[in-house]
Each structure stands twice: as structure tokens, then as C-alpha cells.
């Protein structure tokens, strides 16, 4: 580029206030853009990681979540006998039948009336634990089978009242004691309460299971298992890989976040681009003399165009960097909300990924480009003599 | 033809202007500015173009310098008829052959003195080091190398004009054009600048075309030409030299 | 020339800059209006809810049912005008994408409790008479082109199988906050069908709706209902419909708050950029104002000119934005109809728009006005040359 880069850079510094305001506008738009993508990403990531690729989930055909699914005992016995179910070194089938219900718990911190959320209570069997390697106890101990003891995910312990270690909950005419807190990383399990499946089914008077989860002998066995389950006339069941199952549960919400967020971002970005345009037009108007001088010295129209475009692209670059920088702090925030699809509590983090960084920077640069294009054209199309006269 | 380093008495013409016409359009109105201008400028000449306001002298300067296009006529500088040039060719030509000195210095505010002088060199293929060297040399010639890292707003009017002169000569151009170079300066600074221009002309043989209505500036020039209402006066008056120029 | 004419001429002197500034303001106003409408739509359910209706559900959580036998007991409580009941059906129409709320209810009592669902007497009668009949809200019927007499099939998720219904009535909302995207059919139809396949799920109700005789009795009646069923197999939780809906919203409260916060800040920044422009323009005109001073204009006239010009621009932008808000809201509401059944721009929003525009217009004019008044004539004139 013939006109030195420092020309563009220093001119931004010269009109500091205007530059800061314009950059702030762009930074905020990039921040919103990135935050929304981070939210959708975090949501999907949480749900995908909740599953394992070599686990299969079997549930009632057509139900969109475990809560709505019900499987009778006789059907589960059929599934248990499938050849694709993995067997561990002790000869045990790595399969668990689970019952999932929702209970209403009051959120911590919100003292105003009825700020509660629906929390998943998952009745599990002993086999459930090895099937979920992501789940690790961090305090207390595992509950005893056959008792009214429960363990809670750390998101629940943190976010809800009275469910920490030694806390008690009342339902189904029984008192349940929290004897352990577990960490399931960024997965949906961190927002769940686990107890003995038989106890849970009794207390809630639900003699049916919600889902059967089993580990596949080898991941490639899934299609055969799926076929066996879905074509069996005795069964009214469906099977999905655990990862797919949970990913599907985030679909509606992720879509909602993306549509809402992106359409708002588009509107905001129009405003930011207009701000950039106004700034650049004004910059050009103030530097008519300089433009004439440079053209007289022999700089070409395209050199002038490039110099001013460089300025607006720089605005976009700085705005994008600042916006992303601020957005990266969102990673410390955990969103606690109800998943529209499953109707149950879900906690997830804002997640920043490489592609999001790239998308945000490109978006910002494009804003700078669009905002600066017309003013840069105006600068380059000036007549030398008139420009010098106006100096 | 070699240009720029001949002694002032050499009669080789470096600029030949033939039957130049120029008018401006203002809406539907056509305003004629220059009418049948024909004259020569010798290499190493120091020419002052004078005339009342509206006489077209600045327009003539602009055409000579290649920043405006004539309606009719030809301008030969060296071997080249610049009236046939495209915009791109003109830009390239100006970068190599013309040095500008403006009334209001026209320095770039965000560039330091040395960077202002260096600016035209960005249009050449010199390396960064070479550009630096040439710029420092030019600044030294105008006596301002100790202020090379200062911004224009930190310099006085006279100093700014000197930086502008350094910028004008750094590419070793064929001609120097100056539009009211002393118009915004106090008397002392004006004298300094004119003395410098005189030295450039006499010691370095630079061909200078200056538009002015300051009689003191005109005195420094060797040749005077007058324009009135777009017409060139037939007989050029000389400055100190008594050499006659033929048309 | 009247002063207004001067103001307009000045304001649009540099058409490009003024045009862009007005556009910028319009966009900011548009964004602000849309966001406020999004937030108020979120709360639309609460707005539409009545304080003299109560919702009774299983105290453990909403997914657990209540026995049908509770109906009689509730009806006999003091202060209860009428009881109805229903279940969330959660059926899918063709595809999961076509989400709309669908319930089975006790038709006669439900329609009495919800006078805001307006049906012609003929349609009401036809619905009650046909066990397989259903009523749909006006917007819902329009979206899928359903006509009276059409058969519509829903795929059950909670209650599996394909369920056929016949459209017997299309209800209109009495108020503009009424949700017109709902689908109601007979509770009896569900119950009878279930009795045949899984008898143990029969005679169970998802929720009870209670209309009280006087609104001030609501709290009392709620307590009475819960007291009645305390220590039974299915304990109840009764609250006003408003509180119930609010509880739902609180669940995604985090998201709503986030949207509100971010939008305010973004809009402030964009407005600041615009204010900066306006200040720039006025600053450039200092010369003009100096000339006017030489002609005898005083501080008051200059102030009026600068403020006036600034306000002309901001208000023009504001009105442009306000006008654009309506079609934008309509488009938005259409796209997100699944989530926001009610999407209307409130008058409050418009008042705030104008207030914001006036504020920005004045703020942008303050400093330039001060400069214009203070500047010496000679200084000002020098700035022109």
C-alpha cells in the first residue's frame, strides 16, 4: 500500500473521542454476537457431552424427553437380552433402567415468590454409574441402594435452596437426605438429583421406567441394535445414541437463541455500520486538503481508497478485538434456565471456540468495510484542484 | 534531453506550451479562464507568473503541474506531451517530475517532518533505508534535520514551508511549482524561503515556476510573465537578468 | 422565513450526513422498540392472566397428576364459583417444529371460566356435543388453514398414538393480550381412550382451574384447597393464574434479563455516536453563528437555532423509527410465533421513544451551544477562512 499505514493509524488516534465511540459501538455489537453464539454453543456442548458415543438410549417411541417416556418392565427385559449390550469382566450386563421425574425446587438467592425451577430426579441402578464416566463424587459419599438417600449435582447444590450436603427434601411422603455431591463437568447431569430407581418409582407411584441405557459392545453395533429394537413388534420403543439423544434436546432452545440473538445483532450492526459511516464521512470531509495534496504528489485514486478503507477496517478490527475480549469474560458465567424442550432445569456455561472467534472478527471487519466503503470512494473520487482549493 | 542541471543561461527549453485553452463549467455556464497561451520555459529558469485575481495564473500552474487537464493545446515537459496522458500516467509523471510548494504548506498533520518529506518516495521503488537517507539529506539542505521528528503543528510557518520545500525536492523533480509560497508568511520567514528558492535555482539549477502577487517574491525571480483575464502578456519582463526570451 | 423553515433548511443542509444520522437514530429506536416488545411478550402470559382464577397442581411438580375425585371436594369449598380441569396433552402436529399448546379440558366449565375465549353459541354447542371435537384459536387456525369440520391428527407424546379431532369452533380473543394459538379438546375423549389401553393412568387430571366468587377471596381459597389435600397421596399447590405464569417466566428469567441489559447498553452507545455527530456538525458551523452575531442575533436566538436543529434531526429519526417499528414487529412476531403468541407494541414504548429522542437531541446541543454563545465574533469569523 503506497500511503503509509501509520497515516491511517495515527488519524484514528488524532480524533480519539470519535474513534473510541465508534469502536465502542462496534465492540458492543460484536460482544452481543459472540455472547449469543457462545450461549448456543455452551448449551449444545453441555448436552452433547452429557452423552457417550458408545452408549445407546432406549425410550418410548415419539417422546421428546425422558420425562414423557414410559417403558413397562416386560419391555425392558426384552431390551436387556440384546446381543449388542456390552458385558464387563465380571459378566455383568452394562445396562441400566432408569426412571426420570421432575420436581419443583426453589432457587437460591431469589427471595421473591415462586422462583423455582423443575429439577430432574433420576432413579438409577448400580450399573448407571459405570455408564456415566463423566460423573465423579466430589464430597460426601454414594447413596445406599434401597435407602432414601440421594446425591445431587453440583449445579443444583449451588443454585437451589436446601440441597447441599446433609440437606433434606420431602416428597412422596418421605424425607430424602443428601449424602453426596457429584461433579459431572459441563454436562446436563450436573443439574440432576440421583437416587435408587426402585425407591423413586415407589415414592412417585410410577411403576414404569423412563429409559434404558446400555453400553454397546462396539460403537459400530448401534445400527443393528436400533433395528432390533424398532422392528420388534412387542416393543413400542425407539433407540438413539446417547450423544444424539441429548443433542436433539437442545435443538429447540439453541434455535430460539440463535434466531432471536442473530436478528437482534443484525439490527444493532446496522446501527454500528451507520455510526462508522458517519465517522468516516466526517474524517474525509476534514481531510480534503490532505487528499488533494497526496493526489498532487502522485498518489493514485486507489491509494487514497486503500488508506481510508484501512482506517475503517482498523475500526472494525479494534472493535472486534475489544468485543471478543469482553465476551471472553462471559465464560465465567453459568446460565441457569429451563430447557424449553425437556421442561427441566439446565445449567450451562458460555463457551468460546475458535470458530466463534473467527466468525466474530470477520463480522466486525465486514462492518468496518461496509461502513467505510462509501466514504473511501468519495475520498478517492475527488477532483485534485477542487480539493486543494478547499484546503 | 537532460533536465534540471543546466546553467540558467542555457537556452534549451524544458517546457513548451502551445495554444493552451481552458474553461470551467458552472452548471450551464461556461467560464473561459485561459486563452491561447503559448510560451516556453528554459531549463534552470526561475519564472514568476503574476496577474490580478481571476487572471488564470493558478490555473496555468495547475495545468503545467499536471493536476488539471487543458481543453485544447499541448504542454511538453522534457520529451513528453502531458496533455495526452491518462490520469494514471499523469500521477506517475507527477511523482517523478514535479515538486509542489503550496501557500499553506499542505503538510500532513499526523506525519512527522521527516515522514512528510519521505511521503513522495513511497511512490518510488526505493528501499526503506534509501528513503530515509534521501529524506534526511533533503531536510539537511533546508537546515531542519534537527527538527525531523517534530509534527507540523510544532513548527513555525517558515519551518513548515521549509519542510514542504524539502518534500518538493526529495524526488529530484524536473520542475518545481510554487503557488504563493510566501502568502502566509511574515516578512522574515518570507525572505528566508525566497532566498532558499533562489539558491535551489542558482546552485542546483532547479527550474522553478512560481505564481505570486508579492512584488518582493517577483523580484527574486529571473523572468516575469503577466496574465490578464486569461491572456498572456506578449513581452515578458525580466527579473535581474537581462536575457530576452523568445516566444 | 419562519424559524421552523430555517431549522429544517439547516438541518438538511448536508443531506448525506443528516440522512445517515436520522437513519442511525431510526435504527436505534427500532431496536429499542423491538426489544421492549420482546420482553413484554415474554410476560404476555402474566398480563393475560386473571387474579380471580386459581391453578391447582401437584405439589411435587407439574408432571405429576391429581385424582379426578378432587373435583367434587374443591367445588364444595367456600368461595369457589366454578371448577374445571384438564391435562397438558403435548401432541405434535405433523412435525415437532409446529409447536402450539394443546390441552384436553372439561369443555363446559372451562369455557365458563375463560370468558376471554369468545365462541359463537353455535360453535360452543357443537364443540360440547362432539366428544372428538376441538376448538382452536384464530391465529392457530389461520396458520394451518383449518376450517370448521376439518379433521386434524395429533401425534401423542405423553399419551402415545395418533389422535383424530374434528374442528368445531374457532375462538377469538376478547382482549388483545389473549393467546389465540391454543388447541382444546375433550378430557373425556382422552380418559375413555386411556382406560382401554393403560387403565392405571385413567381418571387423573393434570391441573384444576378454579374461578373464585370474588377476587379478594383468591388467597383464602388457595390456602383452603391446599389444606384440604395436605398429607394425602397427592398434595396440591394452588396459586393465582398470574403467579403460576410468573413462575414459568422466572424459569427463563436469566435470558430475559440478559437481553434487556445488553440492549440498553448497545442503544446508549449508538445514541452516543449519533450525538457525537450532531455535536460535530454544530461545531463546524461556528463560523455561521459568528456571522449571525455580527448581524445582531443574540444568545437566545442562537440557542434556539442550535437546539432546534438538533431536535429536528432526532425527532425525524425518532418518528421514522417508530413508523418502522410496526411492520418490523409484525415480521418478528410472525417468525417467532411459536414462542411469542402475542407480539404487540405498547403505547408506553412510543412515549419512551420520543423521550429518548428529545433527550439525545438536547444533550447533543448543549456543548456546541455553549461554544457558540461564548465565542468572540472575530474568532468565529477566522474559523471560516
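Note that the chains take the letters A, B and C in the order they are written out, and that residue 1 is the start of every chain.
Everything below uses one rule, namely that contacts are C-beta pairs under 8 Å (C-beta built on N, C-alpha and C of every residue); 3 or more make two chains touch, one makes a residue touch a chain.
Being a predicted model, the structure only gives us computed values, none of them experimental.
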item	value
Chain contact graph, described as a line, ring, star, complete graph or other shape	line
Innermost chain by mean C-alpha position	A
Most heavily contacting chain pair (counted by C-beta pairs in contact)	A-C
Geometric centre distance via CA averages, subunit C-subunit A, whole Å	25
Centre-to-centre distance between subunit B and subunit A (centres being mean Cα positions), rounded to whole Å	66
Averaged-CA centre spacing for the pair subunit C and subunit B, given as whole angstrom	70
Of all residues in subunit B, those that touch subunit A in their complex	62, 65, 67-68, 87-88, 91-96, 98, 100, 102, 104, 106, 108-111, 115, 119-120, 122-123, 167
Subunit C - residues contacting subunit A, complex	16-17, 20-21, 23-24, 27-28, 30-31, 34-35, 38, 59-64, 90, 92, 96, 99, 155-158, 160, 200, 231, 233, 237, 239, 243, 246-247, 250-255, 259, 262-263, 265-266, 269-270, 272-274, 276-277, 280, 332, 335-336, 339
Subunit C partner contacts - residues on subunit A that touch it in the complex	17-18, 21-22, 24-25, 28-29, 31-32, 35, 60-64, 67-68, 101-104, 107, 110, 113-118, 171-173, 204-205, 207, 236, 252, 256-257, 259-260, 263-264, 267-268, 270-272, 274-275, 277-279, 281-282, 335-338, 340, 343
Residues of subunit A defined as touching subunit B within the complex	2-4, 6-7, 10-11, 13-14, 289-290, 292-301, 384-385, 388, 391
